[in-house]
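Heads up, the next two complexes both have subunit A, just with different partners, subunit B and then subunit C.
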Partner chain A sequence: MYWVSIVTEAAIFAILALGLDVVWGWAGDFDLAFYGYLALGSYMTMVLTIGKPTPPVSYILGYHLPYPVALLLAVAAVVVLAALIGAVALRNLREIYFAVTTLSAVSALYLIVENYTPLFDGYNGVYGLVNPGQTALNLTYNGYRIVFLGVVLVLLALVCLLVQRLSASPFGRMLRSIREDEHAAAAYGRGVFSAKYRAYLFGAALAGLAGGLFAVFISAFNPSAWTPQELLVIYAAILVGGRGNPLGVVAGVFGVYIGFIELTRFLPAPSSRPEFGPALRQVLIGLLIILMLKFRPAGLFSERLSRDRGPQ
Partner chain B sequence: MSEPAAPVLEIANLSKSFGGIRAVHECSFCVRQGQVIGLIGPNGAGKSTVVDLVSGFGRPDSGSIRLAGQELIGMRPDVISRLGLIRTFQTPREWRGLTVMDNVLLARRQFGRESLWRCATRARRLRREEEADRVQARAILDRFKLTDLKNAPAGTLSGGQKRLLEFARIAAAEPRLVMLDEPMGGVNPVLGAQIRDAVRQFAAAGQAVVVVEHNLPFIEKTCDEVVVMDLGEVIAQGAFDGLRGNPRVVDAYLGMDLSHD
Partner chain C sequence: MTTFLISVGIGLATAAILALSAVAFTLEYAVSRVANFAHGELLTIGAYAAYSGQRLFHQNVVAAALIAAAAGLVAGLLMNAGLIEQFRGRSATTVFIATLGASLVLQNLVEMIYGAANVSYSFSQGGLHHIGPFLWTTGNIEVIISALAVAGLIYLLLQRTRFGKAVRAVSQDRTLAQVSGIPARRVVMGTWGLAGAIAGFAGFILADTIGTFGPQLGFSFLLLTITATVAGGIGRPYATLGGALLVGLVIQIAGTYTNSAYQLVWAFALLVLLMLFRPNGLFVRRGATAVRA
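The block that comes next holds the complex of A and B.
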């Protein structure tokens, strides 16, 4: 069951990473708010499925919707939030200014969620989404976890197929031209803001989907589950796999999560200093990013160039 | 001479200041279909600013800019481009990470095929539709001797090849008006002749061309008329030969010999 859990988590993060790759890898926007979209997707899925809160617990909505409906509504909520943040951040800000603005946005969101308890019960968070549909499907707990892994893998395959198709399409080509030189792209008629905005909303929708799945995976969600540093691992995974190459990104996430994170669990962790392991892991992630940038900046599987096979 | 062709670009009383500096002041001129106009003048005369203002990369303080009769002031660069203007920048601005072929296909500007929804749901059909543009792009690459490089990333081209790619993109875009900002920068004589041919071909196809350039022999051989700017103002306008004796022009060029070859 340990491996089922690891692979499920990696597959969910692969969906998140595919969304982030559209925003960063194709459109070139180094977004630091992205983990917030996963978080909102998780929270919304929870509060739409777990029913009314019992005092002193408090959160918004509190419906008993079927899980798939809740998942779709959660994605819609995430897209709305991304539409607000993107409308401000993408209009004129680029590169480090864009990154700082999105970091501020997610930090504000984090503080609001952590401190304003009527929203998602503050620091305690929301919980209680335990294996939706388990009784209907007549499954054991472990059986459900395996079925859920299957569902996540199918969704990942569908998302991967869609993103791969978009990547090779005129849409992907147009976004990349904006990434390479946005003035030249505008000089050839591309509405830079609108193109980046569409990519951003699409990427955020995938983050929302990942969040909704993540809610089932951990069945409880609170601010400690989405500190902004978590996003660093996703960026590292994209960088390792190959920015702009969807299959590479998926491979990168599986590689970094399973290979890297799991291996580093066997690092010495003295009981007197329990924070040593996680801290060392952060250092190693940083080191991995630096080494990749130095020796293989395009990633293990670099972005695929289109090939014109026509005559001549 | 036959009837004058229809005006494509009409600039009237265009002014722009940066802080206290008058970059362009009450500038007026007009470019007709099939005409190549050289925009010359010393450094800082305001030539590139005019290109920026016309293409929407800068906003004028006052004046009027009409493209095929339509007022452009206040429009974004991409909107102006869609109305039929392609401009270049002082250095070639190729999309480095994309192939030469993709660069030319992007210049074909089939915006309808770039919709996220259509790309997600009609991928195969779009690919079929694109084949006609690919055929055209291949012919253009052939014309600019870039066929062997069509699948290479544009960033790996030499400086001269990047210039040619710039012209291939313009040819693919089929604009009404082309504005070239120093197309001869860092260009050798052989390539210069190719660039001159390309410009003349645009004109022969009925496109209007404005060339900002310091290379006066190139201007003399390529342009039908020149507009001379100095300190933001148009100081002379007309056939190149007629300007040799114009004292304001000679003065602006600090006595430089305009007849040299």
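The block that comes next holds the complex of A and C.
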């Protein structure tokens, strides 16, 4: 069961990373709000499935919808939020200005969710989504977890296929041309904002999907689960795998997640200092980011650019 | 009206700390053209160095402040040599992501050494004083006076010394400064040392003002620092002071009249508005190009 859990988590984050890679790898926008999209997807899935809150717990909605319906609605909610942030941040802001703006947006959101309890019960967060559909499917707890892993892997494969098709499509090539030279792309008649905006919404939808799956995986969600810095692990994974190369990104996520979790099992973890292990893991992730950027910025499996075959 | 003036008073103390942090951030940007996301950790290092030092020096505030500045200076020099210079010539976003990685490393190194739990100094904040219309603690007054003194020293250093002249030249054009015979590498190094020392000191007075602090101290102050810097105009040390004053007052006053938990939300909203409408700063005439982004 240990491995089922690790692989499920890695597969969920691979979906998130594929979405983020469309935004950063293809369109070239370094976004720091993305973990907020996963969080919103997770929160929305929960409040749509776990029913009315019992005081003193409080959160919005509180419906008893079937899980797949809730998942779709959660993705829709995430896309709406991304549409708002993207409309503001993508219009004129690029590079660091874009990154700082998205970071302040997600930080403001974080503070509001943490302090405004009627939304998602503030710091306590929401919980209670335990294996939706387990009784209907007549499964044991462990059996359900294995089936869930299967579902996540199938979804990951579908997303991966979709992203790969998109990557090779005219849309994917247009995004890369905008990344390389926005002015040239505009001069050739490409709508820069609209292309970046569509890529952003697509990426955010994948983040929302990952969030909805993550809700089932951990069955409880509160602000400590999504500090904006969590996103750096995903960026590290994309950097290792190869920015702009979907299969590389998936390999990077599995490598970094499983590699780090396995590695940190063998690191010293004094029982008097429970924060020592996680902190050391973060240090290593930070170092990994710096070293990859310095020595191998294209990643282990670098982006394969489609060649212009030209008229025969 | 009294409430308003008290929040203005506290806002001035916040603004003083913010001004120091933002001036350091802007100096880093001026010579290296990098938005340093590990800047907050310079403050954290200063704060924790003073925490380690306070027992050694028997609660002497001046000694603690000097230790904080010295630790910041060393950290600033190392950050420049070990990180920023290593990425020289790479795209702005690449350097930026690298500093984000460095921030993660430093913050968690502090956590590994000191633990995640909050710590606090044992300096007394002193009594309350009515000065003019404001209500300040002795600690607040010390913060404001020391920030003014440091700002004055930076002004003299930048305007009246050869080093200051060299810093201004390098920040305009590093290559041109180099060919004019200015030892650009050493000037950049010196600037990072200076910025580190200012940031370390700012970290100390920030931690002392807040009361208790943890490894996230500097990082959580970073967006506020960036807001102040952008409000003033990034890369322009004196305008940054004005930006800090504005941001310090805005968040304090907004926080007094709304729920104080949302104080930072106002700062972030202000930052987004600045990014959209005045990315070159409030004090730049429209159309004037002060900074090459």
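Following the convention adopted for this analysis, the second predicted complex is superposed on the first by the 306 of 312 C-alpha atoms of A that agree within 3 Å, B and C clash if a C-alpha of one lies under 4 Å from a C-alpha of the other, contacts with A are read in each partner's own complex, and residues count from 1 in each chain.
We adopt the following convention: a contact is a pair of C-beta atoms (placed from the backbone, for glycine too) under 8 Å apart; a residue touches a chain by one contact, two chains touch by 3 or more.
Treat the numbers as computed from the prediction; the structure is a model and nothing was measured.
Judged by the touch definition given at the top, the superposed model places A:Leu232 against subunit C, while subunit B stays out of reach.
With both structures placed on the common chain, the touch criterion links A:Leu111 to subunit C but leaves subunit B unconnected.
Of the two partner chains placed around the shared chain by superposition, subunit C is the only one that A:Pro297 touches, whereas subunit B remains out of contact. By the touch criterion stated above, A:Leu213 is placed in contact with neither subunit B nor subunit C. Using the contact criterion defined above for the overlaid structures, shared-chain residue A:Val192 touches subunit B, although it does not reach subunit C. Using the contact criterion defined above for the overlaid structures, shared-chain residue A:Ala82 touches neither subunit B nor subunit C, since it reaches no partner.
Of the two partner chains, subunit C is the only one touched by A:Tyr97; subunit B is not. Shared interface residues of subunit A, touching subunit B in one complex and subunit C in the other, do not exist. Listed in rising order, the residues of subunit A touching subunit B in the complex are 162, 165-166, 168-174, 176-177, 179-181, 183-192, 195, 198, 202, 303, 305-308, 310-312.
By the touch criterion stated above, subunit B contacts subunit A in their complex at residues 55, 57, 76-79, 81-82, 86-89, 93-99, 101-102, 105-107, 109-111, 113-116, 119-120, 123, 126, 130, 134-135, 138, 141-142, 147, 150-151, 153, 169, 173.
For subunit A in complex with subunit C, the touching residues are 30, 88, 91-93, 95-97, 99-101, 103-105, 107-108, 111-112, 114-115, 229, 232, 235-236, 273, 275-276, 279-280, 282-283, 285-290, 293-294, 297. Residues 35, 83, 86-87, 90, 92-94, 96-98, 100-105, 107-109, 111-112, 115-116, 219, 223, 226-227, 230, 259, 261-262, 264-265, 268-269, 271-272, 275-276, 279, 293 of subunit C touch subunit A in their complex.
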